[in-house]
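In this document, chain identifiers A, B, C and D correspond to the written order of the chains, with residue numbering beginning at 1 in each.
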Amino acid sequence: MTAAPAEIREDVRTLAVDDVTLRFGGITALSEVSFAVRPGTVHALIGPNGAGKSSCFNVISGLYRPTSGRVRLGDTDLTGTSPHRLAALGVGRSFQNIALSPHSTVRDNVLLGRHALTRGGFFSGGLRLPRTVRTERRHVARVEEICAFLGVDDRLDVPVGALPYGVAKRVDIARALAVEPTLLLLDEPAAGLNATETAEMGVTIRDLRDALGISVLLVEHDMGLVMGIADRVSVLDFGRLIADGSPAEVQADPEVIRAYLGTGGEEPE
Amino acid sequence: MIDRRRRLAALAGGLAAGLVLAACGSTADNASSGGGAGGVKTDKGVTDTTITLGVMTDRTGVFKNLGEALTGGNELWVKDVNAAGGICGRQLALEVVDHGYKADTAKTLYPQLEPKILGITQLVGSPVLAALKQNLIDDNVLTAPASWSSEILNNPNVMMIGTTYDLEIIDGLAYLQQQGLIADGDTIGHIYIDGEYGGNGLRGSKYYASKHNMTVQEAKITSTDNDLANIVTGLKGAGVKAIVLTTTPGQTASAMSNNAALGLNVPVLGNNPTFDPALLQSPAAASLDKLYVAASSAPFSSKTPKAVEVANEYKATYPDKPKNAGAQAGYVESLVWQAVLEKACQNGDLTRAGVQTALKSLTSVTTDDLVAPLDYSIPGAPPTRGVYIAKVDQNAEGGLTEVAPLFTAPDAQGYKAPHQQS
Amino acid sequence: MSEVTVTPPETEAPPTPAPRRPRNWLKIAGVTLFLVLLVLFPVFTGTDVAYLKAGQYVLIGVVGAVGLTMLVGQAGQLSLATPFFLLVGAVSYAVLAGDSGDSGDLVGLGLPPVVAAVGAVVICGLVGLAFAPVSGRLRGIYLGVASLSLVFLGLYLGQSLDMLSGGTSTGRPPPTFAIFDFRFANTEPAPTILGVAVQKQQRLWYLFLVLAIGAYLLARGAVRSRIGRAWRAVRDNEAAATAMGVHVTRVKAGAFTISSAYAGLAGVMTALWLDLVKPDENEFVGTYSITVAIGYLAMVIIGGLGSIPGAVAGAVLVNGLPQLLTLGATEFGWFADARFGGPSPVLISAFVYGVAVVLVVMFEPGGLAAIGRRLAHVRAARPTRGGDRG
Amino acid sequence: MNTFLQLVLNGLGKGAVYALLALGFVVIFKATEVVNFAHGSLVLIGGYMVYATKDALGWPAAAALGIVSAALAALLIERLLIAHARNADVNSLALLTIGVDVIITEEIVRRLRADIPFIGDPYDAQPLQAAGLTVFRTQLVALIVGIVLITAFFLAFRFSSWGVAMRAQAENREAAALMGIRSSRVTATAWLLAGALAGVAVLFMATQDFSGAGLGRGTHAIALIAFPAAILGGLDSTVGAVVGGLIVGLTEALSAQYVSFEFSKSAVFLVMLLILVIRPSGLFGTRELSRV
């Protein structure tokens, strides 16, 4: 269960969530939450509905600014960083409700992930200078590699809107990978998938961690998936961190059991 | 015939392919020149049997009422002249195009029309005239515009028919003062459409005001602003003793009706384009009695014999066309052309340059008093300074009765038009 | 950032460049033929300059519509401000290249026409950029109506700043365009092509053709490149775009800037086409009016939002049809009863493009571009929004 | 002072009609999130029917017929076109209404030919004067009709089953559908009502008192001025429509006098722009048009 990745890359750094509190008006969404995603691990963030998982995820990805506390990636403070700069810092993310451009092809969608790795505006693109075209070809090649890795390389020219949900989900992850992240944030990667697809997704997540040696932080409802692939699990309830440990430790934690039973929410499968 | 087919194909070609088929036609220049019948020199628009004049009018746009009447007047004249044997041994013909008061349409139509005509006997629309100004100069096309702004007299190819707007207003204000309706030192309001037409009228009231120590309260509007309540409210606040309008008929109605509604009740002076007989059927009808119209051409109901004759002929020929002063104005436009053509014929030169020369030699074109005698010898100057003053009259045909035929104020004589050269 | 080249398991295939589609000789031949026909158009029209004028007018529409479809279709920002930028472009050209007029009351800097034209385009881009605080904050119809305020503002400024615009009375003449000593005017003697003299109108046709093709290629390249992907990402999902490193505010502002610059170029062309720069007298009918705003929007809808070739097709329909019908009206006596309430060229054109807009939205959101693609069997799958492939 | 008061009166009177027009936009937007660019052409249809029949039927019957015609025309647009464009998003549907608007407007203008008929016979150009101030009868009638109709709308939104269904639909389309609220009926009713409002508004618009012009292209254009009223109030707010209408009327009247008349139309749009930059969904609006 805790197999370490093949090799730990030096550029993969620890994501530290440090004493984060988030308030909206009078409501406290997160209260003094701290945990760390170690390099090369698959780290899951779970909790019943309304526990603050999404808020926490959005703080990490820069969409919300915490009321207090810090989020750090290695030595870099992410707290005050504009969300669009995260990609360049090596943070890739996928979305719960596939946020792809339905009318664009798979290749085009995944290429967007290369945005922070490339340069060029209207004129360099418009004039199709040889250099631009060459760079573009290199990135297309890499994108096709990534797509092949996720098993969507046979549909590169298909508009995403025409794909089955499960496939689109993989394209979304491919796009997050195209950022060449050292930290991959996955927002409910199994949401909407059937049992077979979920199992495949689990394998894929392990594979990509193993192959790329990056860290993965996922928010997930599907306990089967989480317990199957996570190296470490953090549990939120009512905005507080109530447990943080290996899947086995967490499953045995009485407070976690109470939180899940008490709300009548998702039961561990 | 080949030419026609080629053009039809080119027309289709613009939308898709098919151009290849069109290429079979020749592109040789087919303009003829040289001596014609009776040893008269000709170039474009004149053959041995026909003189063709162009009409660029508005039949489908905002000035379609005016355009229809003007065109009717032009056509009546052609009929009359041809019945009397034509000019210079040639019959007259009109080539009429409709630009719908759109400059872009006119810009496309012009090159199609230009090779067929000697000159233009009616051109409606300030924006159209402005857009075609350079073309008219380049091609040396003599044009009688349906615009009476002295601003356009810097175009040597413009043949002004009658008094200009600025002079109409000067004469009109002088008439109001003569009648004791305004006095030196008064404040007067002027509502004007921003543009060649309104702006030229404003020039007139400013000139008159400067001569009589008056203050002009200006209100600039666009040609689609029809609700003038807020403006008249403001003018009332400023204590104006009279309102001058260079506006559309619809705007006149609004000004008049607010003049009454807001209890201002001052005399209002407009010029030819401000009034349309249709106003008498509008809800503003009851408030129109304060309106004076100073116009370079006679009203539709004018008692001038020639005006009566034209009106009757017009009514008989075009029972459905709108009845407004455009009929006489159109007729008189063409009458001046007649004088020019006859003179050019005498000179033996019916080329475009020839008609220009003929025009400049005319110092007193009479039009059976449809407009005052016209003098074209001073470049940039209006050819006449007299106006007809009329007042709204529910019972008169065309809605106006003359109160002063051919009135010329002393101030008008001393006025120097913007492009006047002496 | 590091581009790690870890070969993922289960794929032994080496990285290959994007598969090149086999050259479609039929398509290349078609495009070549089309270009040859465009180049020879002045030969076909010969002395019938009227058709050339109509053709030039279509090319103006092409430049404006290509710029607008990038903004509306690719970047997802609805704009009705095209006429405003046409006006700014036309006035800027006249001011930069012009003189102070007969009476000396105009502002004119007397720059060379090429510099003035480029300057006018840049000015329009900057004005578009200045609108960024609004265009960045508003979406959809709100932005559409907000951009409409620019048309009203343009009317007002055009009327008030007559030292720049020449005023609504007379306007001001735009200086003749010239590239070094080659003037876009009638000259004696004039060069000829296949026996047809290349005079002012022929020269303007070639100038406009080069500008339109340039604008087209630039836009097509941009749409297929990084910036195009960023536009579409912002259009479809701002949060996702942000996560991928796209600076949403900047990209939005950039799209508005570029589209405004395109409209500005169309404005310079309009000035040269009309031989006149003159603000409209009212906001509903005229060269820079709301009718024009609706017309440009119709072009990009009919063509297929975001599609560059579609925008060209839309421009041909919306700008070309009324011109051709008008020419046909005098040439062949069509619409003889327009003045008795019968159909007129303007009416028929409005009907055609009104119906086209309705039909496209109802049945073919990809517009003419999608229809064209289907006819050409370029692509089997049904793309619903055109220009993701340019 | 009198000038100022008179301007305020003018502004409020016009504002009442703008509010009626803005309400037409709001009703449809609330129910369907579609912005109806064809509102101006509905106004023209209503006005044209009044013009075409008032000599034969008398004004009251013709006015009723005009209102019904505009309502039916709106219903037809919804049933025949909008309802069949199921794949289109709300922004595309707004563009569709632009196409519809172009067609109807050109056709009505063609049918009017040279006429620009005034259709406010019973009250037009019969001003009431008191204490040096003038109240235009048209605007007074419009104000009263406006107050009655807008009150009726408020009540209907709150208490009628249609109003409840519509609010539910406005909150959440899917949920409303699940709860068995027949969305197509709510939508159709909204269009019908908006059309009727357009039919009522035109009775005041094509008058000497209100617009100074009869029915024509200009009448259609006034609907465009009402657009800022709906937008600055907030497209999904009934209160917003009323407040927006009055703001537009007053801005127009006061800026015409105290800045310049030619600035007054730009002023309306600039006020709208200012409000939008501060509150992107308008003064009382709760939603931005398209969601992320």
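Simple rule for what comes next: a contact is a pair of C-beta atoms (placed from the backbone, for glycine too) under 8 Å apart; a residue touches a chain by one contact, two chains touch by 3 or more.
Here the structure is a predicted model, which is why all the values come from computation and not from measurement.
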Set of chains whose contacts include both subunit C and subunit A: none
Contact-richer chain pair [C-D vs B-D]: C-D
Chain at the geometric heart of the assembly (C-alpha centres): C
Whole-Å gap separating subunit C and subunit D, where each centre is the average of the chain's CA atoms: 33
Whole-Å gap between the CA centroids of subunit B and subunit D: 39
Separation of subunit B from subunit C, taking each centre as the mean of its C-alpha atoms, in whole Å: 36
Cα-centroid distance, subunit A relative to subunit D, in whole angstrom: 48
Subunit C, residues touching no fewer than two other chains: 155, 159, 237, 239, 283-284, 344, 346-347, 384
Shared interface positions of subunit D, touching two or more other chains: 217-218, 221, 262
Arrangement of touching chains [line / ring / star / complete / other]: other
Pairs of chains in contact (touch as defined earlier), listed by label: A-C, B-C, B-D, C-D
Parts of subunit B lying in touch with subunit D, wherever the complex brings them together: 64-65, 194, 219-222, 224-231, 233-234, 236-237, 250-251, 253-254, 257, 260-263, 282-284, 286-287, 322
Contact set on subunit C toward subunit A in their complex: 1-4, 6-11, 13, 15-18, 217-222, 224-230, 232-233, 235-237, 239-248, 254, 258, 381-385, 388-389
Footprint of subunit C on subunit B - complex, ascending: 4, 6-11, 13-15, 17, 19-20, 22-23, 25-27, 29-30, 59-62, 64, 68, 97-105, 107-113, 115, 126-127, 130-131, 133-135, 138, 149, 151-152, 154, 193-196, 199-200, 220, 222-225
Residues of subunit D that touch subunit C when the two form their complex: 35, 81, 84-85, 87-88, 90-96, 98-103, 106-107, 110-111, 113, 217-218, 221, 224, 227-228, 231, 235, 262-263, 265-266, 268-270, 272-273, 276-277, 280-282, 288-290, 292
Residues of subunit C that touch subunit D when the two form their complex: 78, 133-134, 137-142, 144-146, 148-149, 152-153, 155-156, 159-160, 237-239, 283-284, 290, 294, 297-298, 301, 340-341, 343-344, 346-347, 350-351, 353-358, 361-362, 365, 384
